[in-house]
Amino acid sequence: MTLRVLARQEAQAELALPRSTYDYYAGGSGEEITLESNLAGWRGYRLRPRVLRDVAEVDTSTEVLGTRLAAPVVVAPSALHGLAHPDGEVATAAGTADSGSLLCLSTRSSVPLEEVAAAGSGADWWFQVYVMRDRELTEGLVRRAAAHGAKALVLTGDTPYVGLKKRTTEGLSVGSLHLANLAQHVAGGVVDQRATEQDPGIGLDVIGWLHEVSGLPVVVKGVLRGDDARDCVSAGAGGVLVSNHGGRQLDRAVPTALALPEVVEAVGAEVPVLVDGGVRTGVDALVALGLGASAVLLGRPVLWALAAAGRAGVTQCLDAVRADLAHVMALAGARSVAELPEGLVTR
Amino acid sequence: MTLRVLARQEAQAELALPRSTYDYYAGGSGEEITLESNLAGWRGYRLRPRVLRDVAEVDTSTEVLGTRLAAPVVVAPSALHGLAHPDGEVATAAGTADSGSLLCLSTRSSVPLEEVAAAGSGADWWFQVYVMRDRELTEGLVRRAAAHGAKALVLTGDTPYVGLKKRTTEGLSVGSLHLANLAQHVAGGVVDQRATEQDPGIGLDVIGWLHEVSGLPVVVKGVLRGDDARDCVSAGAGGVLVSNHGGRQLDRAVPTALALPEVVEAVGAEVPVLVDGGVRTGVDALVALGLGASAVLLGRPVLWALAAAGRAGVTQCLDAVRADLAHVMALAGARSVAELPEGLVTR
Amino acid sequence: MTLRVLARQEAQAELALPRSTYDYYAGGSGEEITLESNLAGWRGYRLRPRVLRDVAEVDTSTEVLGTRLAAPVVVAPSALHGLAHPDGEVATAAGTADSGSLLCLSTRSSVPLEEVAAAGSGADWWFQVYVMRDRELTEGLVRRAAAHGAKALVLTGDTPYVGLKKRTTEGLSVGSLHLANLAQHVAGGVVDQRATEQDPGIGLDVIGWLHEVSGLPVVVKGVLRGDDARDCVSAGAGGVLVSNHGGRQLDRAVPTALALPEVVEAVGAEVPVLVDGGVRTGVDALVALGLGASAVLLGRPVLWALAAAGRAGVTQCLDAVRADLAHVMALAGARSVAELPEGLVTR
Amino acid sequence: MTLRVLARQEAQAELALPRSTYDYYAGGSGEEITLESNLAGWRGYRLRPRVLRDVAEVDTSTEVLGTRLAAPVVVAPSALHGLAHPDGEVATAAGTADSGSLLCLSTRSSVPLEEVAAAGSGADWWFQVYVMRDRELTEGLVRRAAAHGAKALVLTGDTPYVGLKKRTTEGLSVGSLHLANLAQHVAGGVVDQRATEQDPGIGLDVIGWLHEVSGLPVVVKGVLRGDDARDCVSAGAGGVLVSNHGGRQLDRAVPTALALPEVVEAVGAEVPVLVDGGVRTGVDALVALGLGASAVLLGRPVLWALAAAGRAGVTQCLDAVRADLAHVMALAGARSVAELPEGLVTR
């Protein structure tokens, strides 16, 4: 159900990782219905390729919010890469940069953002942020990210509380759950659990506030409805990311492949619409692009790649999806991301 | 396919109960198609959550026909709790009250309603009634229920005859089938089988009659069509309960999740519409609420809870669903039962 | 997937019959897609029962083309009952009469029609006919049937050639394939194979011809389209029987449950529309009635019943379906075949 | 899931062939979703047969682009028949001619086209062509085909690059991959890999060019969209062949059974529309004809037939499908390919 490279990396990761880590990464909330229907969602579409069109050169490159990308396939923010690899997000950043892709760094990284930024050696990166109960801490963090070169903020809006997972992950070692980015903002480095929790009381106005304090475009992550997308854009969002958190928050939330069209319809003409959840192949990506997405994000595949082979694994993973995308674009008669055939995707 | 607490309780109940009792509780009529499609019905819907809405406080409480509820999740009437636990409905009533929920007590309880009413220590309860061939007996029973504090009658309308079940339940001990509520209405305590059978010849006019003799609102249970709901309300019903008797009456009757919208459309603006059948999670409940239900009822889960751990088990079960509902409401951007997002539910 | 009585009878028949006979009866043509989708067809519908309607008395009786029936559940014509039971159609006729039902006797019966007619002891019966290459033979046979009391002809229109079956039935003994009804029409009793083959060159005009020579109403069997039904009625048909020959002729022909509505729409106001194929329960029958059928026919179930227990088996089978129909009619709020609730059936 | 003859031949082929050859033939690209949904596509339709129509004579013969056919069931172009049988395409051509069918000979045949043409002993044949990077080589090849009697060109348009297959075919011997048709066009017989690759840069104008240099009608193969079909016809195509290369090019391309109607709608009135992909039975073919196809092509079945029994196997295969088509046409009330009933096919 995935590209050969990615399938192999997942198998390697499953062997390499403790069961609790594997389950922490792989699992979803509730009955894992959304987790599974994310994958099925992309497979539910069919492509209508064109023939006899010049595809001697296929160009997968694109630009999103000023960031140049080798392909519209980027790295979703995910917590605690240190569980997957000793180098944590340093390896992810370097491997992502090697592939000409973009890292959305999670607030909950295992490595402080400064080190991650440095590891990307000049590549653009975005910073994923939660608005925490401690607003000052949030502001400090965001300013730090901007100061160290983050090109956009990804505001995760679907996690007022952490979704209850189906699988137990009891063995996860507490030490490894250390939130490296927050330590320096608090006296003595001891983070107050409650202060760093996401604030479930926030509203749309935080979008404007984050933009103001950071000077960066804010992409709202977790949007699944056209009306919500519209509200976010009205509140100052520079982009929206259609996501259900990889099936880790509200179970039975619509699969992103089904939510994407209504969001594109609502705001696609004004801001970039990104999407993640279950993207595993070039065809998945092509379907998303055909439905109007500006780029797709990969969550778990990058974690498996990291666990399987560190920095090189991440590059392999991203390169594989990019190459597959180029291949299937050619087979579909599409020469560039900007010139996809009309009516490429159907149900 | 259910919450972890409920799944565990069902497993415990299956171990604890004789096979015949388990099958009596678990089974359905005909080919059990409706039994299974009740579960699938809720899962067939998808949720469209909103992001960045203040859900610091989520309020699951509500009121139905004057009864305050900690959550719109209440106990469906089911027969013979004595088969599940020595304390029978006394344990159910107490456990339900502990959870701030509501018990709909079955006419066919193992314990006389007076004792059950007492066990609830002041909590509201409703009384489920069949109109029996012996109309006087019916009237006497209903008056007793009202006198002992029942706040509403639930008139079961889908059981002119008892549906033929798929599973044999031959081992069910006859003694345990004693109908405690009826004994006192008949000379010498010996109940005439035929007199206590439901009268298959009744019509909609019994709604008004029951209301009159009891002074209580009458909720008609078993409604699956908009036109029927309308007829019931015209005949004096104070509410309707969309139900197919948990797949125990007409097999291949529409799953309740599919019947609910047309009933809400027909009468939802005038009377509360409740629903049962296959509700097992907070998401199931949220889907029902999103489709316009005022509350959901749990049938078998409460029986498993009772068999697994008596009074405490019932409380755990109801608390688990309520907590799960609160959790998923927050994830859906819903702060209270009265303020669910528009268009929360889709197919 | 069927009533308990019928399931048991099929199991007994499978044990009792040689494999080749079982497969001859059970099998279908091509890939058996139509065979299976006939069963699934009925299950694809859902019922919308009514509540609180007087169903103290439920009347399943009806009349079709002048034939009174205890229930609209009758016996489909099927060949060679001698393979199932030594008494062949004599047992079927007697068992059918005992149940107040109707036998459609196949031309290809193991017992001459005179004996079968006598065995029914006065009960109405219909005669299924093919128009053979030898038209005189056909005429003689039809006149015999009329003379011996057949009340209608069932003209099988879907078998210009015999459908190629999936299962081999190599062991079928040739002796048992003797066509008892034809022997007397030919010199020396030796039937010329080709003469008794169905004539693939016939057209709609044979309907009028059969009516003329027999004086009986002609029901065309095998109709699956509204336009065809209309053509048949214009050509003099007194009724149409929606059938795909139990999935034994054109594989991937529409399941009868799906074809029925368009045929009812086309001619249901003028002539009775009957249906067969995969009917196994009272609910299947109720769905068919709700869609506008005047009666359903049982094919294989009667063969299993016959093999399992002869005459008594046939009665048990028909009684079981009739009783189940009565039961589910009551649960659906339907007091008689003529007064089914509006909108009883939905998809 | 196929005719008995074809199923047996595939089983024999699987036994006879090395695994790598079997997988090379049987496999598809990507996740093999299109491969499988090609088969499912035809099965998703249902037939609406007519009754009592004169089908004493059923005529399967037809004519496509001037080629008379015993039935509208012809041989799809496929590479390297030498892997299946020592005689390669010589056996295929002879067996096809024996059945009164048509061979579309692949450019990538194991035997030079002159020998194949001779083997057909006068039967019409068509030549499948790719436009290669070396345009002169292409022209030479096409002229040779025309000179040796090809009656049409089949221009494969869906293969700008070869689709990446799911199954590994590592054992395939390189010698057997010799492209016999190309050798004579190059100095010393050594083919330059790159020169003989398909040119991914071609556009619709090659249609006119091929027509010009060959003087033959050009059928574009790989068309899956109405608009594309229209563009091809405007560019001079004499026919279109709805195909996704048997699920070997763009995975998740629409199944051909679903693409066919829109192509027929767009150009069916002007040029013949052919279709291939997953056709395995007479019913599959009848569905295609009912949807407006002029003929169907068989890909893998002919390869299995060839591997199983050479020339005779190919004839058996084609005869089996033709006979099955005749049979099901009769059962559907269709007396000839030109006179199919209206509305024969439904979903």
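For reference, chains read A, B, C and D in written order, and residue numbers begin at 1 within each chain.
Here is the rule we use: a contact is a pair of C-beta atoms (placed from the backbone, for glycine too) under 8 Å apart; a residue touches a chain by one contact, two chains touch by 3 or more.
A quick map from chain label to UniProt name: A, B, C, D = 4-hydroxymandelate oxidase.
Quick caveat: nothing in here was measured; it's all calculated off a predicted structure.
Using mean Cα coordinates as chain centres, the one most removed from chain C is A.
Homomeric contact chain A/chain D: same residue numbering on both sides for under half of the interface positions.
Between the two copies, chain A and chain B, the C-alpha superposition involves a rotation of 90 degrees in steps of 5. Once the centre of each chain is set as its mean CA position, chain C and chain D turn out to be 43 Å apart.
A separation of 61 Å divides the Cα centre of chain B from that of chain D.
Shown for chain B are the residues that touch two or more other chains, of which there are none. Interchain contacts close the chains into one ring where each touches exactly two others, per the touch definition above. Interfaces, counted as pairs of touching chains, are A-B, A-D, B-C, C-D. The residues of chain B lying in touch with chain A in their complex are 1-2, 43, 45-56, 281, 283, 287, 324, 327-328, 330-332, 342-343, 346. Per the touch definition, chain A reaches chain B in the complex via residues 30-31, 33, 37, 157-158, 160-161, 163-164, 199-204, 206-207, 220, 222-225, 227-228, 232, 249-255, 258-259.
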